[in-house]
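Pasting the structures in now, so scroll down.
Consider the two complexes below, in which chain A is the common component and chain B and chain C are the respective partners.
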Partner chain A sequence: MTHPTKRIARAELDRLFALLSEDARVVHGPTVRDGAIVDAPLASVSELPIGWTDQQAPGRYRLTRRDDAAVFGFVVGPSSPKPLFFPPEETLYRAERRADGKVGFVPVVPSPAPKALLGVRACDVAAMRIQDRVFRDREHREPRYAARRDDTIVVGVHCLAPGPLCFCASMGAGPRVGEGADLALAERLDAGGHIFLVEALTARGQALLSRLEGSEASDEELRWRDEALASAERSMGRTLDTAELPGRLYAALDHPRWEEIASRCLACGSCTSVCPSCFCSGSDDPSDLEGAHTSHTRHWESCFTSAHGELHGHTTRPRTSERYRQWATHKFGAWVSQMGQSGCVGCGRCIAWCPSGIDLVAEVRAIADGVSPVTMPVAREVTAPREESLVPRAATVLARTVESSDVVTLSLRMEPDGRRDFAPGQFHQLSLPGVGEAPISISGDDGAGVEHTIRAVGKLTEALCALRVGAQLGVRGPYGRGWPMDELAGGPVVVVAGGIGLAPLREALRRMLADPERYPDVRLFYGARTPEDLLYGRELLGWIDRPGFDLHVTVDRAGPTWRGHVGVVTRLLRPATVPASARAILCGPEVMMRFTVDALAKLGLPHTRQWVTMERHMKCATGTCGRCQYGPHFVCKDGPVFRFDEVSMLFGRHGL
Partner chain B sequence: MTVEPAVLAELPLFRPLPLEARAALAALASMEKRPSGFVIFEEGDPPGDVFFVLDGRITLTMGAGAGASSARSLAPAEIVGWSSLLGRPRVARAVVSRAATLVRIPASDVLELCERDPRVGYAVMAQAFEQVADRLVDTRMQLLDLYGKSG
Partner chain C sequence: MGSEAHAPPARPRLGVFKLASCDGCQLTLIGCEDELLALSEKVDIAHFPEASSRTDVHGRFDVALVEGSVSAEWQREELLSIRERSKLLVTIGACATSGGVQALRNGKDVSEFVRAVYASPAYISTLDRSTPVSAHVSVDYELRGCPIDKHQLLEVLTALLVGRRPAIRDESVCMECKRRGNVCVLVAHGEPCLGPVVHAGCGALCPRFARGCYGCFGPKESPATAALAARLKELGVPAADLARRFRSISGGAPAFADEAAKQELEHD
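Take a look at the complex of A and B:
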C-alpha cells in the first residue's frame, strides 16, 4: 500500500518540530549525552545527533563523527521509548489501614503532558506495539500506561543503513517503519542535496503532512527509498531463522549450551534493561513508620534476579543458566504464546550492552538450529476487562474458622456491594497495606461471603490468619481460569487433593454435589500429612451419605486411634476406585500431582482428561508483570488450572 | 473356614501359580474374620504365618506407647507379614482398623512350595518383592512431605 508521501527540504524539519510542539506537546528524540545517543526531551532540531554515528559490536558501543551532516545517521542507542510509558518505578496506589481496622485504597494515575516522539526506529516502533499489547490493547488496560501513551504522536525513521548488530528484518520489525507510527521519514543525503521523504501512515500523520512545505515525492524518489530499504534488509548485521523458533527452543530446554553461556553471563540484567520490549516487573509496599500509610509501587524486574522466580521464599530459577534460558525462551518463544507475537524486535541492544559481549542471536542459533520443534500452546485471551484491576477494593471479614493449627478460613464480604461472583478454582489477590499482597485461592461461597482458606507460612499470611471478624483487608480479582466444570459434567469425576490443596477444590465439589444430575458420580481422594491437617472435616462427613459420592481419605502418619487409611494418596487410586472413563481434577504440591498424574495415567486416564493447578507467585494477576510465567504460560491468566497436556512438557522440571 | 483355590487366584502373590499348586496351598490356608481392634501380630514377634486382606482394613504401626505411629494401611489383596517369608521377626504391629476378612497361610508352606519348584518360587518371590518395593516407594513419598507446607 502506498501512503501519501512528500519530499521536504532538510530545513523543513524545523517546521515539523514546531508542529509537533503545538499544544504544549513535549517532543522527545535522540540526542548526544555522555558519549551515547539517548532519548530526551528536545527544544529544537539542533539537539538531534547531527553528524554523529555509532559503532557497535558485542559488548561495545562508541560514537564517532560522520563526514556529513546526516540527522539520523546512526542506529539505536541504549535508550528506547519504553521508559516514557512504562517508567522504571512508579506508584500504583496509596493505601491506608486505620486504627479501627478499616482500609482504603486510592489509585495513582498520572496526567502527563502529551508527547511526540521524533526519530523512532522501526524496531522501536515495533517494540512500542508490543508494549501496547501487554499494557493497553488486551483484555486488561493499565490506566497509567494508557495515560502516558494514548495521545502520543510517533514520527519514525526508516533504517537505510542497519548496524552490525541489527536483525530487525528477521523479526519482521524493520527496517521499514510500520504500524504504530504516524509519520515515517527517509533521509536522503547525496549529490542532489539533503532531503526527507515524509510518509503519512495515519490520519493524524496526514494532517501533519499537509502542513509541511514540500512537493509530492516523485516516482524516482519513492523507488530510491524502496530500493534502499530492500538493500538494508539484505545487509542486516545478523539473521535469525524464526520459523517455529518457539517450539525449537522449548525442545532444547536441556541443551548443554545454557550451562556454557552461564559461565560467561554475569546475570547483571543489562540485556533486559536495555530491551525495548521487556515488561516484567515486581512490586513493593513501602510504608511509613507506623505502617498506617503506604504506597504500592511497581518497578522493572529482570529475569536475571532471584526475586523474579520467587515462590514461598525460594527461587524457582536459582541458576544463571536457568535465568538465561528464561530470558531467551521467553523473548523468542513464550512471548508468542502469551501475546501472539515474538518479544524480540531485533534491535541488537542486548548484544551491544552486554558487558560480556554475549550474542543472543548466536546463542539462540547454536541452541535451536536444526532442532525439531515441540508444539506450543496458542495465545489465549481472558475475558473480564477491568479498567483498574491493579488497585484493591476493601473487604470485611464476616467469619473466621480455624481449620487446623496453622490454617484459617476467612469469609469475606466484598465492599461495597457484597458481590460473590467467581468460578471454582479462581483466586483473589489479598493484601494488607504495608504488609504485602499474595494470591489466595477461593475456597467457597458460604452464602454470605467469599471464603479463603489460608495457611500461615509467612509475614502476610500470618497477618491474614490473625484478622478478626470486622477487620478489613484489600482484595483484587477474581482472576484466572478455574476448573472445567462443563467438561466434568456427565461422567465420573475423580477429585484428588493433597493437604491445603482441597481448598481450591471445595467449591467445585460443593457445586457438583448440589447437582447430581449433571455430576452423577464424584469421587474425592484426599491425602494429608496427619489427621489433624485434614481440612473441612465436618463438611466432608456431611457429604459421605450423598448418593453418587465416594470419599477416600488417607494420611501419611497417624496415631494409633486413627482408623482410616495410612499412606500416600496415590495408593487409593486403583481400578476398583477409579473408572477408566473418569475425568480428574488435581490440586496439591507439584510433587504430589506428578505422582498422581502418573498413577491416573496407568489407570487409563489420558493427560487430556486430567487438570492440575499450578502455583507461582502472582504479582499483577493480569498478565502484565511476568512474575507467574511457567514456560509459555502465565499462571495468573492461562491458569492456575491447566489441562495436564498443556503443561506436561514443563511439569516437574527444575528451573522454569 | 476353608479357602477355595479361586480365592487365591485373586491374590497377586499366587496368581502365577499353576492350578495344582494353588489347590495345594488353599488346602493349607484358612480364612478368618476379625473385628476392628484385633491385633494380628506385634512388632518384634517371631516369624509366623502370612496373611492377605480380602476385605476390611489392616493398619501397620510402629513404635510403642505414646510414640506409636501408623505407617501404612493395607488394601485388599496386599500381603501382611512379608518378613516371615524371609524368616525375619515382624517389623511392625498389624492391627485390624476396619472389620476384616483375612486369609492365613503358614509361611513355611509357601516357602516349601517355592523350593519344590523354583519357577513357581521365582514368580511368588518376584510378586512379594514388587509389593515390598511399592511400600518402599510409598514410604519415601511420605518422607517427602508430599502435601507440603506450601499450598
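Take a look at the complex of A and C:
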C-alpha cells in the first residue's frame, strides 16, 4: 500500500515540532543525557541527538559523534515509550478502613496532558501495539493505561541503518514503521542534501502532513526509501528463526543450556526492565501508621525476582536457570499463546543493557535450533474489552462459620447490590486495606451471600479469618474459568478433593445434587489430614441419602474413634467406585492431583475427561501482571480450572 | 476490626538500642521528623538514648530496633538481654545485619589494628571478630543499608503495627535503577557496579550520580557474585580491587565474604 508521502526540507522539522506541540501537547523524543540517547520531553528540535550515534555490543553501549548532522542517526537507547504509558510505579487506588469496620475504595486515574512521540523506531511502535494489547485491547481495559495512551500522536522513524544487536526483521516488527504510527519519517542525507520523506499512515497523520511545507515525494525518492529499507532488512545485526519457536522452546525445557546461562546471568532484571514490551508487575499496599489509609500501588517487576514466583511464602522459581527459562519461554513462546503474537520486537535492548552481556538471540538459538516442537495451546479469542478498574468494591460479612482450627467460611454481601453472580470454581480477590489482597476461591452461595472458605496461613488470611459479622472488606471479581458444568452433565461425575480443595468444588457439588436429572451420578472422594480437618461435615452428612450420590472419605491420620478409611485418597479409586465413562474434577495439593490423574487414567479416564485446578499467587487477576503464569497460561483467566491435557506437559515440573 | 475501635490497645513499646556502630541509622529515625511525631503517638518510644533522656534499660519491648554489630563481649551480653525482653527484634543497618565495616578485621590480627589505631591500646577491649546480630540471637526482620533508608524504616514499623508483611523487595539495585530511568553506568561507561547483586532499598543512589553501586545494602536474594566478578574482570577490574569492593560495607555477609575470599586467593 502506498501512503501519501511528502518530501520536506530538514528545516521543516521545526514546523512539524510546532504542529505536534499544539493544544498543549507534550512532545517526547530522543535526546542525549548521561552518555546515552534517552527519551525525554523536548522543548525543540535542537534537543534531538543531532550528529550523535551509538555503538552497541552485548553488555556495552557507547555514545559517539557522527561526522554528519543526521537527526536520527542511531538505533535505540536504554529507554522506550513503555514508561510513558505503563509507569514504573503508580497508585491504582486509595483505600480507607474506618473505625466502625467499614471500608471505601477510590480509584486513581490520571488525566495527563496529551502527548506526541517524535522519532519512534519501528520496533518500538510494534512494542506499543503489544502493550496496547496487554493493557487496553484485550478482555480488560486498564483505564490508567488508556488515559495515558489514548490520543497520543506517534511519529515513527524508518530504520535505515540497523545496529549490530537489531533483529526486528526476524520478529516482523521492522525496519519499516507499521501500524500504530500516524507519520513515518525517512531521513536522507547525501550529496543531494538533507531531507525527510514524511509518510501519513493515518487520517490524523494526513492532517498533519497537509500542513507541512513540501512537495509530493518523487518516484525516485520513494524507490530510494524502499531500497534503503530492503537493504536494512538484509543487514540486521542478528537473525532468529521464529518458525514454531514457541513449540521448540517448550520442547527444550530440560536443555542443559539453561543451567549454563545461570552461571553468567545475574538475575538482576535489567533485561525485562529495558524491554519495551515486558509488562509484569507487582503491587504493594503502603499505609499510614494506623493502616486506616492505604494506597494500592503497582510497580514494574521481573521474572528474575523471587517475588514474581511467590506462592505461600516460597518462590516457584528459586533457581536463576528457571528464571531465565521463564523469561525466554515467555517472551518467545508463551506470549504467542497468551496474546496471539510474540513478545519480542527484536530491538536488542536486553542484549546491550544486560550488565553481563548475555545475548538472548544466541541463547535462544543454542537452545531451540533443530528441536522438534511440541504443540502449543492456541491463543484464546478476545472478546470486546470491558472496563477493568482493578479497584475493589466493599463487601460485608453476613455470616462467619468456623470449619476447623484454622479454616473459616465467610458469607459476604457484595455492596451495594448484593449480587451473587459467579460460576462454580471461580475466585474473588479479597482485600483488607492496609493488609493486602489475595485470591480466594468462591465456596458457595448460601442464598444470602457469597461464601469463601479461607485457611489462615499468613497475615492477610489470618486477618480475614478474624473478621466479625458486620465488618467489611474489599472484593474484586469474580474471575477465572470455573468447572465445566455443561460438559459434566449426562454421565457419571467423579469429584476428588484434598483438604481445603473441597472449597472450590462445593458449589459445583451443590448445583449437581440440586439437578439430578442433568447429573444423575455424582461421586465425591474426599481426603483430609485428620477427621478434624474435614470441611463441611454437616452438609456432607446431609447429602449421603440422596439417590445418585456416593461419598467416600479418608484421612491421613486418625484417632481410635475414627471408623472410616485411613490413607491417601487414591486408594479409594477402584474399578468398583469409578466408572470408566466418568468425567472427573479434581482439587487439592498438586501431588495429590498428580497421583489422582494417573490413578483415574488407569481406570479408563483419559486426560481430556479430567479437570484440575492450578494455584498461583494472583495479583491482578486480569491477565495484566504476569504473576500467575503457568507456562503458556495465565492461571487467573485461562484457569484456575484446566482440562488436564492443557497442562499435562507442565504438571509436576519444578521451576515453572 | 470493629472491636478494635472501642478499646484502643495499649501503645506498643519501642526500644532503640546501639551496639558497635556509628549512630547513622538511629539518625535516620530522628531524621523522620514529621513522621516521628505521628509515630510517637502510636508507639511508646520507651528507650531511645540517642534522641531523648528517657531510657528504660531493663524494660520489656514490643519492638526492639538494634543498630550495630557485636564487637565486644558486653555487646553480646546486652544483645542477649534485649532479645529476651523483646517480642520482635529488628536489626537496622549493615552493621547489625552483616557486621558492617568493622567486619573488615575478621580473619585479621585485631591486636595489631588496636596498636596501630589507638594511642593507649590497653584501654581497648574488643572481640577479634565483628559479627551480625543474627549470629547471636534470632532476628525477626533485617533492615539493610548504610545508613538505612527512612522510607524502609517507616514501612517496617508501619507493617509491624498494622499487622502485615513489610513491603520491602528483595530484588536487585538494578530494578530500582531502571525504574528511575538511570542510564546504566556499567554498560554505558564500563563503571564497576555491584548493583546486580545488591539488595534494593537505596533508590539506586550511586548510579543516579554516575557512580557504581558499592553495596551498602548487602547481598540481594540469590546474589550471583561469581558471575558479576567474572564480568567485572572482563571489564578490566583486577582481582584485588574486586575483593576490596565485596569486602567494604557488607563484607561480613557470607555471599560477599566468600566472593572476596575467592578473589583474594586468586590475587595471592
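For this structure, a couple of remarks:
Criterion: the second predicted complex is superposed on the first by the 648 of 656 C-alpha atoms of A that agree within 3 Å, B and C clash if a C-alpha of one lies under 4 Å from a C-alpha of the other, contacts with A are read in each partner's own complex, and residues count from 1 in each chain.
Everything below uses one rule, namely that a residue touches a chain if its C-beta (ideal position, glycine included) is under 8 Å from a C-beta of that chain, and two chains touch if they have at least 3 such contacts.
Keep in mind that this is a model prediction, so the values were computed, not measured.
With chain A as the common reference, the superposed partners chain B and chain C fit together side by side. When the two complexes are overlaid on their common chain A, residue A:29 makes contact with neither chain B nor chain C. In the superposition on chain A, A:566 makes contact with chain B only, while chain C stays out of contact range. Of the two partner chains, neither chain B nor chain C is touched by A:143.
The three-chain arrangement built by superposing both structures on chain A places chain B and chain C 90° apart around the Cα centre of chain A, to the nearest 10. In the superposition on chain A, contact is made by A:457 with chain B only, not with chain C.
In the superposition on chain A, A:498 makes contact with chain B only, not with chain C. Of the two partner chains placed around the shared chain by superposition, chain C is the only one that A:470 touches, whereas chain B remains out of contact.
In the superposed model, A:174 lies in contact with neither chain B nor chain C. For chain A, the partner with contacts to more residues, out of chain B and chain C, is C.
Taking every C-alpha of chain B against every C-alpha of chain C after the fit on chain A, the minimum distance is 18 Å. In the three-chain superposition model, chain A touches chain B and chain C at no common residue.
The touching residues of chain B, counted against chain A in their complex, run 36, 57, 59-61, 68-73, 75, 95, 97-98, 138, 141-142, 144-151.
Of all the residues in chain C, the ones that touch chain A in their complex are 1-5, 38-39, 42, 155, 157-158, 161-165, 167, 169-172, 174-175, 178-184, 186-190, 193, 195-197, 210, 221-222, 224, 226-228, 230-231, 234. Those residues of chain A lying in contact with chain C across their complex are 33-36, 38, 59-63, 78-79, 83, 88-89, 97, 99-101, 263-270, 273-274, 282, 284-291, 299-302, 305-307, 318, 320, 352-357, 434-436, 458-460, 463, 466-468, 470-471.
By the touch criterion stated above, chain A contacts chain B in their complex at residues 311-312, 455, 457, 498-501, 503, 527-529, 533, 554-560, 562-571, 574, 587-589, 591-592, 595, 615.
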